[in-house]
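One chain, subunit A, links the two complexes that follow: it is found with subunit B in the first and with subunit C in the second.
Moving on to the complex of A and B:
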């Protein structure tokens, strides 16, 4: 029986999972929409992974979680490692591209840049307070133009002369886009212009003041958009590497970390049949009214968080 | 309104409400309503009545005022500084008047310069019987009290993570703070300080020689008020990091005004003129941290804080020149801590990896 290590990355938009073997090869992977319900998404993810590994004689011995729902999912999966997505993605990418110097990452709600030197993170930046130029912006604009986000890239690379679209803020970008469409710019030019504006926004925002050096790896959901990849290459003047598992590096990285944690116990796929529930309670013991989240497994509370002081911790009992 | 007794209140900032309340009680002999600990409600009511794009300390201060007025305060005190802070008092007073509250409003820094003498003149307006000797005595006493608090807080920031018993330092410090309210003389204060400081230093530390050091710089409010910055100091301390934060109230009120020239000099080639507010100070500090082997810097600011936004490109240059990572955090009226905690956790991982590489060669298993 082979040992396997599970990494789960639950992001705002999508949920990703990989199982790796002891040689760090990806044996199974899956990708689906979170749709605002991380617990349901993870259950479905594990069901899919189970199907994909059925005949492989595999025993999952360590679990790691990352992404914005890492704590919730880590608790219900009883994970050995719960790690932030910045570290997880860097570790995952380094395994795929040991020589990488710069990582661009654009996901559903966030974008980040990670600088690497001699195999370690030396600097990073992440967007704050504003989701301008991320995947959710692109997909909402795709809807406005009446197409699937998946087709966006194909349209973009057809353009010879991308339309100029404001890059600073999505609200301005959107009104710019409407205006340009109404005065008769071609659809592919507008789409290419949007891809450009996402890249300019990224470089002006999170990339500001950073020393961007090749090799550059671009990942996250938006890296599947060839229009954005092309815009990055045009603007930076460097080759942009995109791995076929580029959207999975977070899950891959945290699976590696789970493997390195050296704390192995057999993971029970029976999890998918258990009943998990979360309840939000307002503490009401002081005007802060902390929103405390309680996690129940088969109607028994297993953890709670969200309280700022010990007064709220009583609810755990 | 003149017939009712005066009840004075002021905005909260860290633990400074303790010496301020003490001083006002002793010198003005009016009732003081200490601001309540900050809660989400404070921020909610503050943000509700604030201009949308004002910096977040304005919202906290306004929230403090509204909560104080609800609890019966009728005299409010506000200070000011060399940025938008200078407009806080006028705008907040007008907002509160428009809301229909009855109160007296005192701006102790009407001209962006605060001196003991200007405070005395303001206080004399409230309490006509104020004796200058009494004022000087208590001013000095409270100055010393604040200095003592700051020196103990500094010790906790640098050593809190290494105490063999978790949180033992902060427990002793809380006892010291509680005891301050009953201070009745200079010798009494000194006795308390010596007692609690001895207790503090007696706590056994397990501090390795190669501990991680992080400096916190940034706009004064978000650097000093733990509620406004998701308590990053405690978070870092719990990760066994020695934290240095040079902004304190005594620094802002006394040292800064005296040392304007030195601060610009300390910024070296990075600034020839002052950037306004604390911009220059933070450049000088970043340079200091870079020169003194710190592992990283965290820069805090309210969203759209102009002096700090101005300082950021220079900080980025310092970051490159000294090869020291800087994490920039912007705070506004958001209540979800998740994003901030994620960034701090990643910053910690990075700083630790950088350190491990320097010691053991490459990081990679």
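Moving on to the complex of A and C:
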């Protein structure tokens, strides 16, 4: 029986999972929409992974979680490693491209840049409050143009002269886009212009003041859009590497971390049949009134968080 | 015997810098002090209600502290700071605070002292005026001021010595916290960050605990043109502690004017150490904060391990 290591990356838009073997090869992977319910998404993800590994005589011995729902999912899966997505993605990318210096990552709601020197992270930046120039920006603009975000790339690379679109803010971009369409710009030029504006936005906001050095790896859901990849290459003047598992590096990285944690115990896929529930309660014990999240497994509380002080600690009853 | 005057001191902004001076002075004059409680969500919400939107979060919290105690005191204590010398000014917030409080809460008498050295209003003169307003004896006032001033100095020195001892004796990772005292001590603003660091076995080194005179001098190594005294003291501390720390975290509150300039300046000029800039506002979610802190700590730990492996 072979040992396997599971990495789960639960993002705002999509949920990703990989199982690797002891030689760090990806044996099974899956990708689906989170749709605002990380617990349901992870259950579905594990069902799919179980089907894909059924005939491979595999025993999952360690689990790692990352992404914005890492704590919730990590608690439910009883994960050995719960790691932030920046570290996880850097570890995953370094395994695929050991020589990488700069990582661009654009996901559903966040975008980040990670700088690497001699195989270690030296600096990073993330978008803060604004989601302009991320995947959700592109998909909402796609809707406005009446097309699927998946077709965006094909249209964009047809363009010879991308339209200039004000992309500082989604609201302005949208009105500018309508205006440009109404005065007669071609659809492919507008789409290429949008891809370009995503890149400019990224380099001016997240990449501001950072020393971008090749080799550059581009990943996250938006890296599947060849229009954005081309725009990155045009603007930086460098080759942009995109791996076929580029959307999975977070999950891959955290699987590697789970493997390195050296704390192996058999993972029970029976989890998909258990009943999980979360409840939010208001503490009411002091003016802070913290919102505490309690996680229940088969109606028994297994963990809670959100309290600022010990007054709000929920007893495990 | 006449009833003791109750003086309300808001536990916010410059309280954290001058607490011993203020508390000792009023106690020596025989006044009773009521200190507002630690910041909580209710105080912050009331502060937001009693401020204009453009105020910085720290100033909004200050207004909340005043609201929390204003009906239980005879005087509310709000000093005015303008400058300490030429090219030694403070954020305009501290110039305006006295007037803002007086106009927001017009029914309460505001006790104040004015530090505007360029207009010949020094600290001693301000304290004497304030003591006389409380109808105290002139000599008692001067005596109280001197005692309070010495006490403040003693505590500043003590804190500096304790921090220096900790830096020398502890072998764990050390993070310099560059933040105004009113941000880093605040229960809602700075405390969750400090707590998170300590839970992860990282020792916070505070940039505000330093010999201020030395720090103002050393700030010239980073910038020669700054004129905010409190900012000079903070960035001078970066230069002072530079070879003893593994990383720097800047904490500021949105939309702080001086910090937005000074922190950006440091981020561009300082090259030898990893830095993280955290700007907090009233909408801050803890999740984003933890992701940033956690990954920053990872970077520092990996870097440290590599360095040790090489040497």
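Basically, the second predicted complex is superposed on the first by the 313 of 317 C-alpha atoms of A that agree within 3 Å, B and C clash if a C-alpha of one lies under 4 Å from a C-alpha of the other, contacts with A are read in each partner's own complex, and residues count from 1 in each chain.
We take it that contacts are C-beta pairs under 8 Å (C-beta built on N, C-alpha and C of every residue); 3 or more make two chains touch, one makes a residue touch a chain.
On a predicted model such as this, the values are computed, not experimentally measured, just so you know.
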After the match on subunit A, would you call subunit B and subunit C a fit or a clash? clash
Check the contacts made with subunit A and report whether subunit B or subunit C touches more of its residues. B
Once the shared chain is lined up, is A:183 touching subunit B (first), subunit C (second), both, or neither of them? neither
Considering only the touch criterion stated at the top, classify A:211 as touching first (subunit B), second (subunit C), both, or neither. first
Which of subunit B and subunit C A:260 touches, first, second, both or neither: first
Considering only the touch criterion stated at the top, classify A:1 as touching first (subunit B), second (subunit C), both, or neither. neither
Is A:87 touching the first partner subunit B, the second partner subunit C, both, or neither of them? both
Shared contact residues on subunit A, subunit B side and subunit C side combined as an intersection? 68, 83-87, 118, 120-124, 126, 128, 209, 286-289
Subunit A partner, complex, touching residues on subunit B are 36-37, 39-42, 303, 312-313, 316-317, 319-320, 323, 325, 328-330, 332, 334, 338-339, 342-343, 345-347, 349-350, 353-354, 356-357, 362-365
List the residues on subunit C that touch subunit A in their complex, please. 40-43, 192, 267-268, 274, 279, 287-288, 290-292, 294-295, 298-299, 302-303, 306
Please give the residue numbers of subunit A that touch subunit C in the complex, ascending. 68, 83-87, 118, 120-124, 126, 128, 209, 286-289, 308
Given the complex, residues on subunit A that touch subunit B span 68, 83-87, 94, 98, 118-126, 128-129, 208-211, 260, 286-290
